[in-house]
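As written, the chains take the letters A, B and C, and residue 1 is the first residue of each chain.
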Amino acid sequence: MVGQSTNLHGLTLTAMARGIASGDITSADLTAQLLRRVSTLGSELNAFISVTEDTAMAAAALADKARGSARRGKLHGLPIVHKDLFCTRGVRTTCGSRMLENFVSPYDATVVERLARAGAITLGKTNMDEFAMGSSNETSYFGPVRNPWNPALSPGGSSGGSAAAVAARIVPAATGTDTGGSIRQPAALTGTVGIKPTYGRVSRYGMVAFASSLDQAGVITRTAEDAALLLGIMAGFDSRDSTSVDHPVPDYVAGLAAPLSGLSIGIVRQHFDAGLDPECAARVREALSVLKSEGAVLTEVDLPHLDLSVPTYYVVAPAECSSNLSRFDGVRFGYRASDPRDLMDLYCRSRGEGFGAEVKRRIMTGTYVLSAGYFDAYYLQAQKVRQLISEDFRKAFAKVDIIAGPTAPTPAFALGAKTDDPITMYLNDIYTIGANLAGLPGISVPCGFAGRLPVGLQLVGAHFAEERLLACAHQYQQLTDWHERKPESCA
Amino acid sequence: MKAGWEVVIGLEIHCQLATRSKIFSGASTAYGATPNVQACLVDLGYPGVLPVLNGEAVRMACLFGLAVNATIATRSVFARKNYFYPDLPKGYQISQYELPIVANGEMMIRGEDGTEKRIGITRAHLEEDAGKSIHEGLGQYTGVDLNRAGTPLLEIVSEPDMRSAAQAVTYLRKIHSIVRYLGISDGNMQEGSFRCDANVSVRPAGQKALGTRTELKNLNSFRFIDKAINFEIARQIGLIEDGGQVVQETRLYDAERDETRPMRSKEEANDYRYFPDPDLLPVEIAPAYVQKLRESLPELPDAKKTRLQSQYGLRPEDAEILIGSRELADYFESLAGTTAAPAPLAANWVIGELSAALNRDNLDIGHGKIGAAELAGLLNRISDRSISGKIAKEVFEAMWAGEGSADQIIRKKGLIQITDSAAIEAIVRAVMDAHPTQIADYRSGKDKLFGFFVGQVMKQSGGRANPEQVNEILKKRLSDAR
Amino acid sequence: MLTHVTPDTSPGTNPEILVSLTKDQVLHIAMLARLRLAEQEFDDVVAKLSRIVEFVDQLQAAPTKNVLPMAHPLQQTQRLRADVVTESDERDAIQANAAMVRDGFYLVPKVIE
């Protein structure tokens, strides 16, 4: 079918890539179509902070011209978007904050560089919780993002814009970041695939830091196959990031074919308790049955310290972020308060006015748990509990290949519903946080609906088990069609 | 110091390591660049950037540790020291807290009474330097230059083992000498690559408990350190004797007024909220690496001094001066090894004429006008008695002015010494004949006139008569005449 | 991973740890963090922070005796970089992001030392 199709947005990234390679699709056509959806749907959902229409179209034209060239990257001419936490040279990087509202980075994040080198075209920067702090995309200075399945609901966070853009078929893929579940949870709430790799698998250089020992870059797509394609390009050692691991990157796409038969899957006893919505529980159990029917072996495993993962996270992450965000002082970049009386006033007002309430809360929590007299009881204690939690996973992975369970305790919730009690919001991450604390890879895959809202199945693996996770997710997607369901508004 | 009192001094040295690039980024560390041209994104604490550790800084820190007999940590950790100040772009300094790279070292110094005293070195750790704040010349603003931000520092902390300003200065000079010997720092105090803070407290002699200490900052020469500490000692003693109490505070030394005064900006106690830096991983140092470094250690000042004394027969005072810098000692050894003149003569020339010329022209030994081989040529002529020591000084000046080698100058100026006894005899006889009055006076007991006769003979010979022979012959002839 | 052993912080050894924050504590924390809180948000901040601290307080009961704190999820050690200058002068491009620059300096209100 030659170029003039109007439903290109329905294609997966992999299909788009095939179409461009074969000449059936032009990058210009594809980019133009998606850009139209960015300005209509994207706008309604408030999924974007910046749109780079002109550069995208120019890049698309160039990509089409280079068709004959032998040296084309795997993502040649393919449109994607980046979470606004990744530095993009020449294009605003706001981190969803007033503090960086007009900040234009002089350099590209490694992730951005690698995807661009592979030929990808950036259509824009997606909306997110401010500085990645949130689970509902309601803390953004640029307003909340709406869930394409129901615009009164949150798409989850902090990569809410990325998840909404992919779920609404505005783009086939979006980068995201995950510190406590910020890729996986929005993926679950929007019926998309979201993968957070092993800590150190993908470079953090150029990814504005929230909690340095927990942050990882990943992607949100509709299929595991697409995620495999992108992760293969993003992953790998980067000498500019001391925490980057020099570990060979397997061919994730080739590895997708690994069968489910014989795969040992752990079910966590502590997952299926009162906190989990019964419909979500049911969809997850059904998904597990599907896996079992294809030869996977289900075993019960124990993560006895699961309940402590959220409080641990809410000591460690704020501590690290309180320090990481000290650089935002109005002096060299970013928001600067007008007419400061003195240096103290410059700092206090630039930061007081530049940061939103949740960010300030986390900075203060972090400052508190690191402060004299409290360090041992909170920060040090949390780091010890982190060790306990990691040990739980180590023991579990001695018994099983993958741990499977719900990604989120409930389906998408109403915008404004959970903003009063910070703890209620924090508990959204109960199933995802453990993987961040232990540095493990995790993926969320759509596994059904609770009413009309998507439910996600989470798979967590041992360090560097992305291949296995992607394969399991892919095989599951061969047997189900949840990933092909789309929100009514997004036909 | 007043009788009945004792002072306790501990020193903290921030020594800039002479790496080419910064400790956590690839920006240059060269001194003196225009503001902010050597501050890259990592140094500026831009969003998203990350630190990567310079291996040379680690090597230099380990070398220091070995030179002071310290333990090199097999595993050390970087920690963030959190506080806000304009010259600290990230709002935290990457430093080391609980697990420094070097710990438990020592330095032996000679006390005022000549005895050896051990000064403990608690720790030495790596950290990044902050930028510079300029408070003058920008109206109602302070200007921030971050060129220096990220330069590697080795913070060397001593035990509070010093008991006088003099001991403190001696310790400092030794550390200063060592870091230069190791080639890990240029130790330039004016440029800020060797900075010292002193912690000073006093207590009644014999008391075990420590008094309240103050921290003295802005001490950028050995002389100022001595004066500042002595001022502070007197101030604290005076305060206590008047019934007051020493306040724990940071004080700046004002060189113009020769006094210390409290620093204004650091009043509130800072809670640095140290925690391990999550962007950096623990530094592991293998014993094999340390062993190789140990083997590569250059000869250190103390060992060199001992060896120079024994190998070259030098006096301790002379050896002490020669080890002042590695380059000076190397020059001396090169000279002593090349010249036929005895080593002590070589030492005298290096310590005397050569150093005077270098000081006069404000040059360091590396940029002097006369190389060791050339100077050896000059000393050889003294040694073979071609010229006298006095003439040699003339030749030295001419060499320094670039007029040629010793031999060329001696030949050109006809400065060969007269050593022919007959010739000197003739001059002596002529002088004696010309001054009968003085001869008579000398005979009648005015021994001082001997010098007059020597002077006359030297004058007649154009300064070239060999002084020892002149003395010998004059003595004989004058006593004959008696 | 820190390799020293720290004192046992299980309940009973730290009875002074309060679960609710006072206004003064919050003011102090805000000062350390250089955050100016508006009048109208102050009470809310005290309440929410107290709630958070209360929540994380359950960590006190965790069985962490003889457990080493985990600073990094993977057992890696720091890689060393060669001592080479790789960055060149990009000051003008970079300073385009700064609000106040003069003669190459970043400007802040005058500080008196």
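By definition in this document, contacts are C-beta pairs under 8 Å (C-beta built on N, C-alpha and C of every residue); 3 or more make two chains touch, one makes a residue touch a chain.
What you see is a predicted model, and the numbers here were worked out from it, not measured in a lab.
Asker: If I rank A-B and A-C by number of C-beta contact pairs, which comes first?
Answerer: By number of C-beta pairs in contact, A-C is the larger.
Asker: Looking at C-alpha means, what's the farthest chain from chain C?
Answerer: The chain lying farthest from chain C is B.
Asker: Measure off the straight-line distance from the CA centroid of chain B to the CA centroid of chain C, and report it in whole Å.
Answerer: Between these chains, centre-to-centre, one finds 41 Å.
Asker: If you average the Cα atoms of chain A and of chain B to get two centres, how far apart are those centres in Å?
Answerer: Here chain A and chain B have centroids separated by 58 Å.
Asker: Whole-Å distance, chain A centre to chain C centre, using C-alpha means?
Answerer: Spacing between the chain centres: roughly 24 Å.
Asker: Which parts of chain C, given as residue numbers and ranges, touch two or more other chains?
Answerer: 2, 32, 34, 71-72, 76, 78-79, 81, 90, 94, 100, 106, 108-111
Asker: Can you tell me which residues of chain B touch two or more of the remaining chains?
Answerer: Residue numbers touching two or more other chains: 41, 44, 52-53, 84, 86, 142, 144, 271, 273, 278, 280-281.
Asker: Enumerate the residues of chain A that touch no fewer than two other chains.
Answerer: 103, 106, 213, 239, 242-243, 322, 326, 329, 331-333, 343, 347, 367, 371
Asker: Flag every residue of chain C that touches chain B in the complex, lowest number first.
Answerer: Residues in contact with chain B: 1-4, 32, 34, 71-72, 76-87, 89-91, 94-95, 100, 102-113.
Asker: Touching chain C in the complex: which residues of chain B?
Answerer: Within the complex, chain B contacts chain C at residues 19-21, 25-28, 34-41, 44, 52-58, 75, 77-78, 84, 86, 98-99, 133-135, 138, 140-146, 252, 263-265, 271, 273, 276, 278, 280-284.
Asker: Taking the complex as given, what residues does chain C use to touch chain A?
Answerer: Within the complex, chain C touches chain A at residues 2, 6-7, 9, 14, 17, 21, 25-26, 29-30, 32-38, 41, 44-45, 48-49, 51-53, 55-60, 62-64, 67-74, 76, 78-79, 81, 90, 93-94, 96-100, 106, 108-111.
Asker: For the complex, give me every residue of chain A touching chain B.
Answerer: Against chain B, chain A makes touches at 86-87, 93, 95, 100, 103, 105-107, 109, 204-209, 211-213, 239-243, 319-320, 322-323, 325-329, 331-333, 343, 347, 367, 370-372, 375, 379.
Asker: Which bits of chain A are touching chain C when the two form their complex?
Answerer: 103-104, 106, 198-200, 213, 239, 242-243, 245, 305, 308, 311-312, 314-315, 322, 326, 329-334, 336, 340-349, 351-353, 355, 357, 360-361, 363-365, 367-369, 371, 374, 376-378, 380-388, 390, 421-423, 426, 437-440, 463
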